[in-house]
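Several structures are given next for inspection.
Next come two complexes, and both contain subunit A; in the first it sits with subunit B, in the second with subunit C.
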Partner chain A sequence: MKRFEYADEKISDKQILVAVPSFVIGIGILSLPQSIASITMASDGWVSLLIGGVITIIITWSVAKLSASFPHQSFINYASTIVTRPIASVLTFLFAIQATSITSLQVRQIADIAKHYLLKETPVEIISLTFLLLIIYAVAGSRIGLFRLNTMFLPFVLIVAAIVIVFNINWFDLAFLSPTFETSFSGYIEGVKNSVLSYAGFTILWFYITIVKEPKQTPKMAVLGMCIPVVLYIFLYLTCILVFGNSVTSNLQYPTIELAKILEIPGGILERFESLFFVIWIMAIFNTTAMTFDIAVLALHSIFANVGKMKVIFIIGPIAYVIGMYPQDLVQVSIFGSFIGYSSVLYTVFVTLLLFVIAKIRRVK
Partner chain B sequence: MKRSLLLLSCFTLLLLAGCWDELPIDERGFVIGSGLDMAGKNTEGTYDITLTSQFVIPGNLSNPTQNGGREQAAFKNISTTGQSSFQLSRQMLGLTNLIPNYEHLKILIISSDIARDPKLFSSIVDGFIRDHEMRRGIKVMVSEGDAKDVLNIKTETEPLPSLFINTIVENNVKSLELIEPVRIGQLHRYLLDEHSYALPLLTLSKDNVSYEGVAVFDGKSDHQVGTVSGDDLKGLRLIKGNISNGMLLFHIDGQLMIYEINAAKSSIKINAANPDNVKISISIDTEGAIAEMFGGRSLLDQAYMNEIEKQIEEKIEQIVNHTVENAQQEFEVDFFGFSNILKEKHYDDWKKIKDNWDHGDKLFSKSTVDVSANAIVRTIGSSDKAKDKGME
Partner chain C sequence: MVKIRTNSFVNRKRTKEKENPNLTKLVKNLEKNLKNIKTLLEEPNDLVIRKFNVRGSKHWCATVYIDGLADGKYVRDHIIDNLQLETEGKQIPDDKQQLFDELNKNFLSSSSLQIGYTLDDVSNGILNGSTVIYLDGIDKVFIIKTQGWEKRDIKEPVTESLIRGPRDGFVEDLRTNMVLMRRYIHDPNLRFKTYQIGRRSKKSLVVAYIADVIHPDILKEITRRLESIDTDDAPESGFIEQWIEDNYLSPFPQIMNTERPDKASAALLQGKVVIILDGSPFVLIAPSTLGSAMQSPEDYYERWTIGTLLRILRYLGAFIAIFLPSLYIALVAFHPGMIPTNLAFSIAASREGVPFTPLIEALLMAVTMELLREAGARLPKTIGQTIGIVGGLVIGDAAVQAGIVSPIMVIVVALNAIASFALPAYSLAIAFRIILFGFIFLAGTFGLYGIIIGYIMVNIHIVNLKSIGVPYTTPFAPTFFKDWEDLIFRKPVPQLTKRPEYMETKDKQAVDKENR
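Presenting the complex of A and B:
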């Protein structure tokens, strides 16, 4: 078999701009309005989403800045110069574990949703396996290919999201917005926590910035990229509130999908919009999952440089599958999900601070 | 290498050709209307519910006079009795060769026996909200009489009773005495919130069905507490505002005159500073035309016009006052949405009174409602008068 080879394994910083939103937009937003609405009053959740977004953007900027200050060096390389090789290997390995578990979580969640809405009779195991095999196929090819897929899919994802918002305008009821600012302080904090978890997409920055050709502008691009999901999530959340009201939004499992379901395009051109919505959204989730899987591969590969890429893929694949199939029901999946969310945010903050402080102390440039 | 690839691709054919969820379209039975009736109360306090589903028979729909000219119904109603709506829809599998598909369900009719039971109504609707196959656009209505019979009415103009009813509840544009259809998504919110509400009410008379009232529901226990129709329903619509068409009968100089409303707006201001005497002031602005008159006076007289407008205003105030009084005294529930306004605009006051609004101390019934209307007659139609004064 002959594979198409791209000129070099380098990307431009514009591709980071696209990769960040492609990575963040995925399953999270399908249920996010529910978790935000259930802890805030009326439409107050946007405050939490905005504050959460600002926090995420700050973290994104610091991670990108740190990575970009070591151009063309892989994470393990520059981490080694800062905190010695063994510690750097441990840090990288933890990233690999994290990326693997995110992959399995994504595979499991997409299978659950597909089973609920589309394929009632097909077992979750089969849906997951099919999806995972597709991911493996994507990752086995060139990394640059993934970035091109991102650039190709993201416009469709954004257009579909825009359609969901625009064509629901005639269901809007402005009365659902009030009373404003009646949420308790702890409600806002809880909301900020949930929104930061759903925005979490820093992992890719640690690894992908190292293959950017000229990483000078990269932090700016990463921040710009991060703004896209923040704005999109706030709009989608407000659409849910305006259409359903707070009480219903907080009782729907996937409010964003319900939005797509009630949508009617004037003239009856498309009555079942949710089928199109699913197709496009599965593309978005595919991008997210393919990138996490690729990062798991990249991280492991950088520790064990003499093991071939395909071998690494076939080691991680089954592990991700087994982890994904382990939770028995929806509650366990969501516990697993929030555990992974917390750990990924906390771990990134921890690694950033660690590398930053030690680099300052040891004056590594 | 080549041979193994060939084997592999043959093997994948086995996996790719099948589809777990395939179901031929001619094996599906599309349900377009469902009705729920009370079948009986068991001794353990549980209920028996009858679910009637209306299946479409597409063949008879397009070609109703097959079989030697004898008319064939384009639908088939199947009823089954059990305890939960989901169980019932599964039981239906045993009664027909078709697999019920609820994706095209248009209407859900609930008999008032179920609606009047506090425990049953919300529980029985749950199945229809939870199932992903059901869409949130299903129109919900209450029927006086058995829902089963409503789904079985005979109509000449429309082969499917469900679609007939579906159109009836949508034809509210021209009338002040009907409300907007309520969709199950909206009902979901009504059930979750504690505000009282109203659902369209169908009345069965012999072989026909008519829609001329609403069923009023208590928001907390979610059961029907009464029905409102006629002038009281007009009052409800006028309070809610947002009317684009409707008519009003009134008398002037002992003669009947009809005012056709082209647009009406309402604005409601609430002062809840004193919980024991909440002051609600409603002002209603209408615009319209004279559609019909029985008298013979010229309408092109400013003084007479002013008098007409004053009469219309008085009539509106009288209707609305009666509606509110009736709600305060008879049903003791606020289905006008005053509680929504309190919650949205006066949240601090609402927190204090929410448990005692239309429950507990019944503060709603003690509140003072002040109505003021402002009517404008824009045009008088194409003729000034159709008879001369000599007729009087």
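Presenting the complex of A and C:
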């Protein structure tokens, strides 16, 4: 007789399929159309988004393949078998630092946007603190709980994104699409770089594949999961261009939220849909941040195994808060953001290559 | 499978440690035995002791029972009569042991007969309504079931009425409730496992399940938790619920209760356990999930379109019951721009002259609503109507006329209260009303942002909550798409062929189309 396995601390392939898009979809897409539109002509940005997506999917696949070939082993364990234990510890520690800084960035950014669209008079410090406390509450619960939250929130997020696209069809102006393929090569490359940054969600694969029950199908599921944000981002981007045109999009701070602003709900039961859109989007950002924080905890916990989980949480929490509050204005936040973005993508690529190559050289199975 | 707390939230002080003075063996002398039982119970005047000779012999015997608990007529007709009359003209053995066996075999015409050896057996038997028969010179007794106390008739359940469905409900008597269960499920695999609960007052508790349906781990876990119960007395099944639930800090009920045998039997067929406590008309259903708490038996009795619509309506009701006042506060106080212009004007006009912020206004009305509900529930039915009228005036007209609250606030609170009463499970509705207050405060401080933070918090809580090891949010997450056909949407009954997948029942098929 089977035990109640689904209630255990193990996840299935399908939960990875849900976790990847939940992790990727977050704050990035809110401003992504702006950064893409400002470096490409007319609607050409979708090419960058597509190429960036394909690159991301390849990285996702290789990370998933690598960690799935060591089933039920934590990152630090299989990294230790490939490159010795001290190096593995350093790699894990860097992951922890990276995850902590992403957490603090998210906590800061969500507070900035919430202040802009929802709470004009509440200080940023308070908004971020409530959000961080929420994250801590989530991470203090069971890890499997985070995956269940992904399953419960992702549908809302996808539905509200679909609403934004569908109800804006009235405003589409096909003239904004042309001229096509006028962008210079360097513009495309720049766009690809930006899109890869916003797709970056491989970190969770390093750590979460270890708790997958049967990781055989996991790389496939991770790739499928990665396809969801790629498709969604391209659609949202094209909607932005079709509604605002390239020049307006490149001058809006959060074009995706602005899309929600002009949308009219039939029946007129609610105005200014962007507030509601952002409120729902907080669920997406919550999922991203909670998993990031959890990875920071998981990484530190795997190095210092005898320190309790709650202690680790209460060490990381204040640090993340202080880092998040450090940038003085939006410019500094965005500099901080792009620095973290670059470093995390480069670091992932570096670790993947390192482990792959050394595993091949030392023939670790 | 499951971790369980070991200490109770409120540590009850026990009056004394368990000691077993009554395990004293019975003695051979009749007088001494009778004296012992009299001293133990301190000779209450409802203790009936009748001493007589077994007819045709010099052997003394005695019947002991409590008047009212035991059926006096039954004792006279079937016990005393037999010993005094039936024995006439028959060979009565002189040897005491032989007589005892002879009585056991040939003379006592009762269907249920046990033999007791200790004073404890005797006192428990008597207090359960049995009759004890002593025989002089023998250190054993007969304990014969003669229960015959007054019982309430089977009536329609007060707390859960349906338009269509069986009209019978559980009563306080354990045996009647077991009979009801047996009448609903004619299955030889229906099992009843009996426990004694309570140190002082030993109450019978029965765990009902269907042996070849239930997952053995659930049964094992329930058994383990029931055995951990250590209490003086369990007057109501709510005590049992609070002893065995997974998380005592949660506002959500992790074990459902029902007065309806049809609901209980449906739960049994889904692989769940039903716990019946003697003295309580509410039986417990465990494990239970959020999805199952939102269902009513009537969803199945009416056709699937009606059932599905009712369930959608109920989820809408749950949404209104939790969120409506807080959404109103958030919109009016923080995001007036989100309200359509015309409505915003009329709200502003209606709020003119109201001295309080929307938060205070909502709190005032919500607390009044709770008071009315509580007063209405406690008062006798005849006065209850007065409360309805007074409440209607206070909450509706007078408050508005006096300019304390705005009319729209009245609509919001009234709609909210109606929605929470539309939920089938009272315990869940109460949980929602507790959460409601949290949301009102969050919306009053952070607006929509506060509401979403609260919503995420509640979600974090319920994904970590379990009911006897089954995650509370099953089958939403962990997702069992197969079970969604009987969750919010309900497929037509002939197509509901499988038992819930999340219960991992031994027998998966409820209906087997091929082998029918």
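Throughout what follows, the second predicted complex is superposed on the first by the 356 of 365 C-alpha atoms of A that agree within 3 Å, B and C clash if a C-alpha of one lies under 4 Å from a C-alpha of the other, contacts with A are read in each partner's own complex, and residues count from 1 in each chain.
Definition applied: a residue touches a chain if its C-beta (ideal position, glycine included) is under 8 Å from a C-beta of that chain, and two chains touch if they have at least 3 such contacts.
Owing to the predicted nature of the structure, the values given are computational and were not obtained by experimental measurement.
Q: Name the chain, either subunit B or subunit C, that contacts more residues of subunit A.
A: Subunit A has more residues touched by C than by the other partner.
Q: Which partner does A:Thr122 contact after superposing on A: first (subunit B), second (subunit C), both, neither?
A: Both partners, subunit B and subunit C.
Q: One more residue to check, A:Phe131. First (subunit B), second (subunit C), both or neither?
A: In the superposition, A:Phe131 contacts subunit C only.
Q: Check whether A:Lys14 is in contact with subunit B, with subunit C, with both or with neither, and answer first, second, both or neither.
A: It touches subunit C, and subunit B stays clear.
Q: A:Ser178 contacts which: subunit B (first), subunit C (second), both, neither?
A: After superposition on chain A, A:Ser178 lies in contact with subunit B alone.
Q: Using the superposition on chain A described above, determine whether A:Asn77 touches subunit B (first), subunit C (second), both, or neither.
A: Neither partner.
Q: Return first, second, both or neither, reflecting whether A:Phe286 touches subunit B, subunit C, both chains, or no partner chain.
A: second
Q: In the superposed arrangement, which partner chain does A:Leu276 touch: subunit B (first), subunit C (second), both, or neither?
A: Touch status of A:Leu276: second partner only.
Q: Give one of first, second, both or neither to describe whether A:Ser89 is in contact with subunit B, with subunit C, with both, or with none.
A: Neither subunit B nor subunit C is touched by A:Ser89.
Q: Under the contact rule defined above, give the subunit A residues that sit at the interface with subunit B and also at the interface with subunit C.
A: Of subunit A, residues 118-119, 122 contact subunit B in one complex and subunit C in the other.
Q: Touching subunit C in the complex: which residues of subunit A?
A: Touch residues, subunit A against subunit C: 1-4, 6-7, 14, 114, 118-119, 122, 127, 130-131, 134, 137-138, 141-142, 145, 147-153, 268-272, 275-276, 279-280, 282-283, 286.
Q: Once bound in the complex, which stretches of subunit A touch subunit B?
A: Residue list for subunit A touching subunit B: 42, 116-123, 126, 175, 178-179, 182, 244-245, 247-248, 251, 258, 261-262.
Q: Using the touch definition up top, name the residues of subunit B that touch subunit A in the complex.
A: 20-21, 132, 135-137, 185, 188-189, 192-193, 340, 343-345, 347
Q: Any idea which subunit C residues touch subunit A in the complex?
A: Against subunit A, the touching part of subunit C is residues 1, 215-218, 334-335, 337-341, 446-449, 451-453, 456-457, 459-460, 463-464, 466, 469-471, 473-474, 476-479, 502, 504, 506.
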